[in-house]
Amino acid sequence: MKLKTSYLSAAVIAAVVIAFPAFLGAYPLNVARSVMTYMALAISWDMLLRSGQISFGIAGLFGLGSYASAIAVMRGGMDPFLSILFAAAFAGVMAFALGFAILRLRAMYFSITTLALMEIFRIVMHNLHDFSGGPEGIVLSAPIFGGNSTALYWLCLAGLFITIGVSWYFEKSKMHLALTAIRNDETSARSNGVDIFRYLLVAFVITSIIQGMMGAIQIQSYGFTTPETAFDANFTLLPLAMALLGGIHSTIGPMAGAVLLGVASEWLKLKIPYGHLMVYGIIIILVILFMPQGLVGLARRMLRGSDKSGRKAGASHE
Amino acid sequence: MSKLVTSGLTKAFSGLVAVNNVSFAMEEGEILGIIGPNGAGKTTFIHLVSGILMPTSGTVAFKGKDITYAPAHMRSRMGIARTYQLIHPLENLKVIENVMVGAVFSKDKSLREARRTAEEICAELELDRLERDTTQLSIFEIKKMEIARALANEPEVLFLDEVMAGLNSDETKGMIATVQRIATERKLAVGVVEHVMGVIRELTQRVIVLEAGELIAEGPYETVSKNPRVIEAYLGGAA
Amino acid sequence: MANKRNATMNVALITAVAAAILVWRPTVLINGLQSAGLYASIAIPMGLILGIVHIVNLAHGEFMMVAAYITYMLCAATGMDPFVAMVPVALVTAAFGFVIYKLTIRQALKAPELNQLILTFGLAISMTQLANLLFTSQTRKLSFDYVSASLDIGDLSFGVYKFVYIGIALLMIVGLKLFLTRTTTGKAALAVGQNPRGAAIVGIDVDRTYGLVFALASALVGMMGAVFITSASIFPAVGSPYTMKSFCLIAMAGIGNIPGILGASILLGVSENILKAFRGTRGWADIVFFVLIITVILGRSIRGKKA
C-alpha cells in the first residue's frame, strides 16, 4: 500500500518533469539542465560512497566523457548522439582499467588519487594541442539537436532518469547488501562471501559511466569545451555538497540536495557574482558538524521517532 | 577424509611467531575445542584457516583441496564460516539483512530466497524482531546474529571464537545447546574457542591446546586436562 | 644493517644524479632546489598536524593564502617588509588556526575519516570563496628589490633570493626537532601523536595539545604566507595546489618523518624543472607531481600488502 503510493507519486513527478518544456521558457529550462546534471553527478558520487569510498574525481570522468564525445564527433565524424554512448563506454573502460590499481586504496589515499587522476586528465587535454585543441579547447560545428532547448532538456533528463534508475537498482538489489557490508566492515564482508574488489569495481565502473555520459551530454548541448570547464572542480564540489546536504547513502538525498542547492546557487549567482560558492563551503561544514545524516536523515529520524512511539503503544496493549 | 587439514601452519608478525608449525585435522560432525592461555594464537589460527590472514609458511587443505592462499570470500563460498571474538555487526543493515549477506554472497541466492533462509535460521536460533537495527540488540542477540550469519553461508566447517564470552549463565547454557544442535543437525565440523573449561568439557569431543603458537596437546578434554604440559601452560600463564 | 646500506646507496645515487644534472643544466638544479624549499616549508606544518593530530587538513594551502592576503594588506598599507610583517601575521594565523580547530576540527575528531576530509574540504572552499568575495579573483603582487638579487658564475646567472626558502625549511626542521625532543610541551605533543589514549592516561591534556599543534602549524604556514608574497602573485586559489603537493610530499616521506619532507620536495622540484627546461615538455611539468603522487601512493599500498 505504502509502496504503491510512493510509486504513484514518483510517476506523477516524472510526468510533470517531462512536461516542463510545455510551460517553462528557455532560461528556466537551462537552469533545470544544470540542476539535473549536478543531480546525476551527486547521485553517482553517492553510489560509490555507499561502499565507503570517497571519490574526489567526479570532474575527471565528467571531463573525460566531454572530451571523448567531442573528439569522436570532431575527429571521427561520429553521430553526436552515438558519441554520448561512446563517451559513456569510454569512461567505463577507463574506470575499469584504473580500478585495478586504485580500488586497492582506501580512505584518503583513494580520495587523493582520484583527485590527482582528474588533474592528470586535465593537463593531458591541455597539452595535446593537435588532438584536443589544447588550452583553447574544442568547438563543435553545432550543438546536438540544433540547440533546441526542449530537446536538450529531454536529453539531459534522460541521462538523469538512467542515473536514478541505476541508483534505485543499487538500493534494491544485492549491491545494497554488498556495498553496505563493505562500508561497515570489510573483514565481516569477506568472511561472508563478498568479493570486495569485484563489487567495488562494478560500482566504480558504473558510476564512471554515468559521469562520462553526463559530461558528453553537457558538451553536446553547449557545443564547446575547454580543459578548465570540462574538468572544473565545481563538478566535484557541487555534487558532493548536494549529496551531503540532502543525505548520503540514498538516492532521494542527493536529489533533494541538488534541487535545493542548485536553485539556491542560480539565485546567489545573480546576487553575488564572486564568491557565491562560499555558501557551498559553509553548508558542507555545517552539515558535517550538525547534521551528518543530511535532510533526508533528519526527516527519517523524525518519522521513525513517531513510528517507534507507535510500536511502544502497541506493545503495552499485548 | 578429513574436512580440514593444516600442516606446519606458521604465522610470524615481525618477529613474534603467533602460530608455530601447527598440524591438525578436523572431521565431519565433530565439535573441536581450541584452547590455550591468552595470546596463545587461537584467534590467529582461525584467521589463517578462514583466509583473513595469509600464513608465513605451511598449508591449509579443505576437503583435500589446497586453499592455503585462497582469498577469504572464496573460502566462505567453499564452506568455511566463522564468527569473531570481537563482534562485527554490519551496523547499517537490519538484523535480517545481516544474516542474508551470508546466503546472498556465499550461496548466490536471490534476495527473496536469502530472506527465507535467514528467517529460518533466525527462528532456529530464537532471534526475533528481525527488522531491528543492530544497535538495538543485546550482546547475546548480536552473538546469535553473527552465528546465524555464519550459518547462512551453509558451511561445512564453522569456527566460533569465544561466542560465550560476555554471556550470563542461562545464556551460556542456551548457547551450548544451540551449538550442539546445529552441529548434529547440519553435520557440521565446529571449532570452538572458549576460556571457560566447563563449556569446553560439556561441548567438545576433542580439544587441541595451543601455547605460544605451538600445538602442545591434543585429545579428549579429560585426558588433555591432566597433561602436565597443559597444566604448566595454564599455570605459567596465570603466574 | 640492510637498511643502512640502502640509505648509503640512495645517498650515493642521489649525489650522482645531482652531479650529472649540475654539469648538464645547472639552472635545473638551482631552480629545482629553490622550488623544493618552498614546497617543503609549506608542507612541513601540514606534516606536523598529520603526524600528531592525524588529520589531513585539506584547507592547509588556504591557511597560507589567508596569511598571504593579510600580509599583502598590511604591507601595502604600511610599507612594512613581509619579513617583518611575518611576526604579527603568524600570531594572527595562530589564533585563527586555534579557533578553527576549536570550532570545527575538534568536533569531528571522533567522526569517521570521511567526515574529517569533507569538513576540511568545506573549510578550504569557504576560505577561497571568502577571498573571492573580498578581493575578487584578480591577482595581486608587491615587488621588493632584494628579490631580484642574482649571482653570476662564469656564463651562468641565476636568482639567489629563493634560496631563502631552503633556509626556512631547514630552520623549521631543526626548530621542530628541538621543540619535539627538548621541551615538555613538545615531548607531550609527540607522545600524543604516537598514542593519544596512552598520553591521556599519563595525564597529558590531549585536546589542549591538539589545539596547540594546530596553532603552531598555522603560525608556521602563516609565516610562509607572508614570505610567499615576496616572490609570487596571489589570488584566492593560490593556496590549493600546495595542499595537494604538501600531502603528496608527506606521503612520500612517510607520516611523522619531517626531514624526509625536504628530501621528497627536492625530488619533486628537480623533476619538475627537468621538464621545464625543454620547450616541448614545459607544459607537462605540472603532471610530474600528480604522476608522482599516484606512484607513491600505489607503491606504498603494494608494499603495505607485502608486509
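Each chain gets a letter, A, B and C, in the order it is written, and its residues are counted from 1.
Please note the rule applied: a residue touches a chain if its C-beta (ideal position, glycine included) is under 8 Å from a C-beta of that chain, and two chains touch if they have at least 3 such contacts.
This one's a predicted model, so the numbers in the text were calculated from it and none came from an experiment.
Contact topology of the protein chains: linear, an open path with no closing contact. Set against the Cα centre of chain A, the chain with the most distant centre is B.
Chain centres here are Cα means. That of chain A falls 42 Å from that of chain B. For this pair, chain B with chain C, the centres built from the Cα atoms lie 49 Å apart. Centroids built from CA atoms put chain C at 33 Å from chain A. Looking at chain B, no residue sits in touch with two or more other chains. Residues 49, 52, 54, 56, 101-102, 104-105, 107-109, 111-113, 115-117, 119-120, 123-124, 126-127, 237, 240-241, 244, 272, 274-278, 280-285, 288-289, 292 of chain A are the ones touching chain C in the complex.
Within the complex formed with chain A, the residues of chain B that make contact are 50-52, 71-73, 75-77, 81-82, 84, 88-93, 97, 100-102, 104-107, 111, 149-150, 152-153. The residues of chain C lying in touch with chain A in their complex are 56, 104, 107-108, 111, 113-115, 117-119, 121-134, 136-137, 244, 247-248, 251, 283-284, 286-287, 290-291, 293-294, 297-298, 300-301, 305.
Chain A contributes residues 173-174, 177-178, 180-181, 183-185, 187-196, 249 to its touches with chain B in the complex.
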